[in-house]
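Both complexes shown next keep subunit A, but they swap its partner, so subunit B is in the first and subunit C is in the second.
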Partner chain A sequence: MPEELQPQSILFFILSGVCIGSSLAVVLHKNPVISAVSLVLSFFSLAGIYAVMNAIFIATMQVIVYTGAIMVLVIFVIMLLSLREETNLEIWRNPVKQIAIVFVVCIFGGILVASMNFNPEIGNGDPIESYKFLIQNGQNSGVEVKGNTASVGASTFLQYLLPFELVSILLTVAVIGAVVIAKRDKLNQS
Partner chain B sequence: MDWNLILVWALKSGLLFFIIITACAYYTLAERVVAAFIQDRRGPNRAGPFGLFQPLADGIKFLTKEEVFPTQVNKAMYLIAPGISVSCAIMSWSIIPFGGTIPLHNSIAELVGFKELNLQVANPDTGILFLLAISSLSVYGIILAGWSSNNKYSLMGAIRSTAQMISYELPLGLSLTAVILMAGSLKLSEINDAQKGIWFVFTLPGFMAFLIFSVAMFAETNRLPFDLAEAESELVVGFHTEYGAFKFALFFIAEYMNMITMSCVVTLLFFGGYNVPFGILEGSSYNALAGILFFLLKVVFFAFSFMWVRWTLPRFRYDTLMNIGWKKLIPWALINIVVSAVYVVYWKGSIG
Partner chain C sequence: MNTLISGVPLTYYLSLAAAMFAIGVLGVLLRRNAVVIFMSVELMLNAVNLVFIAFSKSMGIIGGEVIVFFVMAIAAAEAAVGLAILVAIHRHKKTVFVDEINLLKW
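So, the complex of A and B:
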């Protein structure tokens, strides 16, 4: 590492290590509940990485939405279905799948190497500097921004209001669709 | 970021941890004394004067008990679950401000490199949302404990508790929205400062939010009248049936910590936090210290009300619990958001 070892970078390496390790455990562990719990850990360390980059609002939302809401339901369903341990050795015996796995690993390895060589112009690699750069250059709305939450709010409700409303309509449609599908049997009976 | 700042944070965290553990220990004693008073008994009075060493004796008992593993438990998850519960309970304390900033003496200020000591370990920009995030994580402790115990009662208790906590997080979050709208900030310190003139509980939307919040608060901490996760008459003790010795003690500590956290939060959000009433000590150097005193008084009152409710009200049935959550509290909280928005636009200017 060229620059001085900062607390942020130490935390980043710890958190990304946990993230990679738990993501591997999601795929490789035999027990579905433990896989789901590792996915929670992976989301949580991702939130930690956001927090290290000073994006505390995104980090909090990551924890509330993914680990707090979605994964609880996933674990709930896995528990209720009481899935048993599975074997993951069969995947290695099929030659087509072997070729596919090698292919996927090559592609992602290539992307990883390319992204490590990619050197963006902003803020010479320091996460906080690049964050400041984004804050300063991403705001043409003329709104005074006091903090992290305020800047996210301002860009959501001023700069990107139309996409935000479209997404909320999409979510409403999804909710209504889920209700209609769940209630279909009752409607047919009556 | 300087290393001395990190050192001060570490010291603050360590001190806070010590204070919480002691507070929890004496909260358990207080619970037993209050229970005894309400049921017209004497309560613990053998260990030390007025039974003051009782928590110490309990702690030693929990530590020296034999660690029992029931057959066919999932050992890793069985051990991790109480850890998740207690670490979430501790983490949520990190953003609670116990008082304002205390001005440091010059000699100390030169040594540590800053002039004011903030009585809050962390003050993230998302404040109260961070607290919601942590409380949503504490579900995992319960759900994993129930699943890994390999026991029907544990699993039933865990499922009930998870459904209850997910359901009551919604009214809790929605009632907070009214407070956030009135304060205009998510930071707990700024919500506190916004109540300098009038406590939020004395405003119409604030009062409604307080009613909803206080019901949801009991459900979130799994206390009577909403302790369906335990329900000893139906489920033995629910999700921690198979837990003994220190692992049980961790669940126990987590429950009491969550109650103290909720008392702090309700004080900060609705009852003026660490503001000195009527601003009588404004500008004085004792303002911060008096603020801590008033804050602690209010927290002790709410901590007492947790015990008071527990030993007074009977337990709800499961379907009535869900009815209250989904059909009563959530619509009220949604109406309250509109009311608070109207209040902020039309009335706030004349009062604040």
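So, the complex of A and C:
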């Protein structure tokens, strides 16, 4: 527990409050368009939290990929489908929904208790300022970079190269699959 | 193991992630609109990303941030395919409410 309140702590509390509030708005609001806009706000505040944690690259990617690409896709689909509003949620009358709420509270409590009691001894705890990759060819050659973005990039392309290539194949398959699924069926068109 | 990340305890980040994940589960279980269920799944993915970044910063291992990058790519793929399925279902059934979609029921 920090003794005096630092500006980073204040930022964290403001951003996490905005994040939880807009997440609740996503789930509880009846109009799906307002849900989507609240989700954009939630992603922005989460990007701010990443920036507070010094994960600059991930914060940028959060803004570009999530709020820039995925949410535009979601809002386009909402407009394409011309959704009507849901009727009342009626959380307290439906017994299945009551069980669902109890279940969620149990999950939340369990994760909270587990995170409070968590105290492992892994890693040296030094802040990540640089990344070093040793090439295994008998000599003492290697790559060393400084800074958050350079560290993530070097780690992606040196240590995690095979998963990176597999993700590119996955994205190609997903794009082709999305086009094939959403295409109008010529046989049933008549 | 560094329990303070930028002056904020690790437990606070984990609690925020737990709250976001619980809200996401709540959305999946309570809502009928498939698009909102989809957005709740995105919320849960973001909670997991936050845990990855928190432990990456706390342990001083860069791999967590790389995995978050991969999770984002997979979320983008999932968004494309999932929304295409929604559009296809809406074309057949004229609804996206999950309790009215019973194509597999016979």
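We adopt the following convention: the second predicted complex is superposed on the first by the 147 of 190 C-alpha atoms of A that agree within 3 Å, B and C clash if a C-alpha of one lies under 4 Å from a C-alpha of the other, contacts with A are read in each partner's own complex, and residues count from 1 in each chain.
The rule is short, and it goes like this: contacts are C-beta pairs under 8 Å (C-beta built on N, C-alpha and C of every residue); 3 or more make two chains touch, one makes a residue touch a chain.
Keep in mind it's a predicted model, so treat the numbers as computed, not measured.
Undergrad: Could you say whether A:L161 touches subunit B, subunit C, both of them, or neither, answering first, second, both or neither?
TA: Neither subunit B nor subunit C is touched by A:L161.
Undergrad: If you stack the two complexes on chain A, which partner ends up touching A:I169: first (subunit B), second (subunit C), both, or neither?
TA: Touch status of A:I169: no partner.
Undergrad: If we overlay the two complexes on their shared chain A, which of subunit B and subunit C does A:F12 touch? Say first, second, both or neither.
TA: The second partner, subunit C, only.
Undergrad: Tell me which partner A:T67 touches in the superposition: subunit B (first), subunit C (second), both or neither.
TA: So A:T67 only meets subunit B here.
Undergrad: Given the touch rule stated above, what does A:M79 touch, subunit B (first), subunit C (second), both, or neither?
TA: Only subunit B; A:M79 stays clear of subunit C.
Undergrad: By residue count, which of the two partners contacts subunit A more extensively, subunit B or subunit C?
TA: In the superposed model, C touches more residues of subunit A.
Undergrad: Name the contact category of A:I20: first (subunit B only), second (subunit C only), both, or neither.
TA: A:I20: touches subunit C, not subunit B.
Undergrad: Tell me the contact category for A:V40 with respect to subunit B and subunit C: first, second, both or neither.
TA: A:V40 sits against subunit B, while subunit C stays out of touch.
Undergrad: Figure out whether A:F57 sits in contact with subunit B (first) or subunit C (second), or with both, or with neither.
TA: A:F57 sits against subunit B and subunit C alike.
Undergrad: So subunit A touches subunit B in one structure and subunit C in the other; where do those two contact lists coincide?
TA: 6, 8, 57, 61, 69, 73, 80, 148
Undergrad: Would you pull the subunit C residues touching subunit A in the complex into a rising list?
TA: For this pair, the touching residues of subunit C are 1-2, 4-27, 29-33, 35-36, 38-40, 42-43, 46, 49-50, 53-54, 56-63, 65-66, 68-70, 72-81, 83-88, 90-91, 96-97.
Undergrad: Any idea which subunit A residues touch subunit C in the complex?
TA: Checking each residue of subunit A against subunit C gives 1-2, 6, 8-9, 12, 16, 19-20, 23-24, 26-27, 32, 35-36, 39, 42-43, 46, 49-50, 52-55, 57-58, 61-62, 65-66, 69-70, 73-74, 77-78, 80-81, 83, 86, 89, 91, 97, 100-101, 103-105, 107-108, 111-112, 115-116, 118-128, 131, 148, 151-152, 155-156, 159-160, 163-164, 167, 170-171, 173-175, 177-179, 181-182, 184.
Undergrad: Quick one: which bits of subunit A touch subunit B in the complex? Just the residue numbers, please.
TA: Against subunit B, subunit A makes touches at 6-8, 31, 33-34, 37, 40, 44, 56-57, 60-61, 63-64, 67-69, 72-73, 75-76, 79-80, 147-149.
Undergrad: Write out the stretch or stretches of subunit B touching subunit A in their complex.
TA: Subunit B reaches subunit A through residues 1, 3, 6, 74, 76-77, 124-126, 129-130, 132-134, 136-137, 139-140, 143-144, 147, 155, 158-159, 162, 166, 169, 186.
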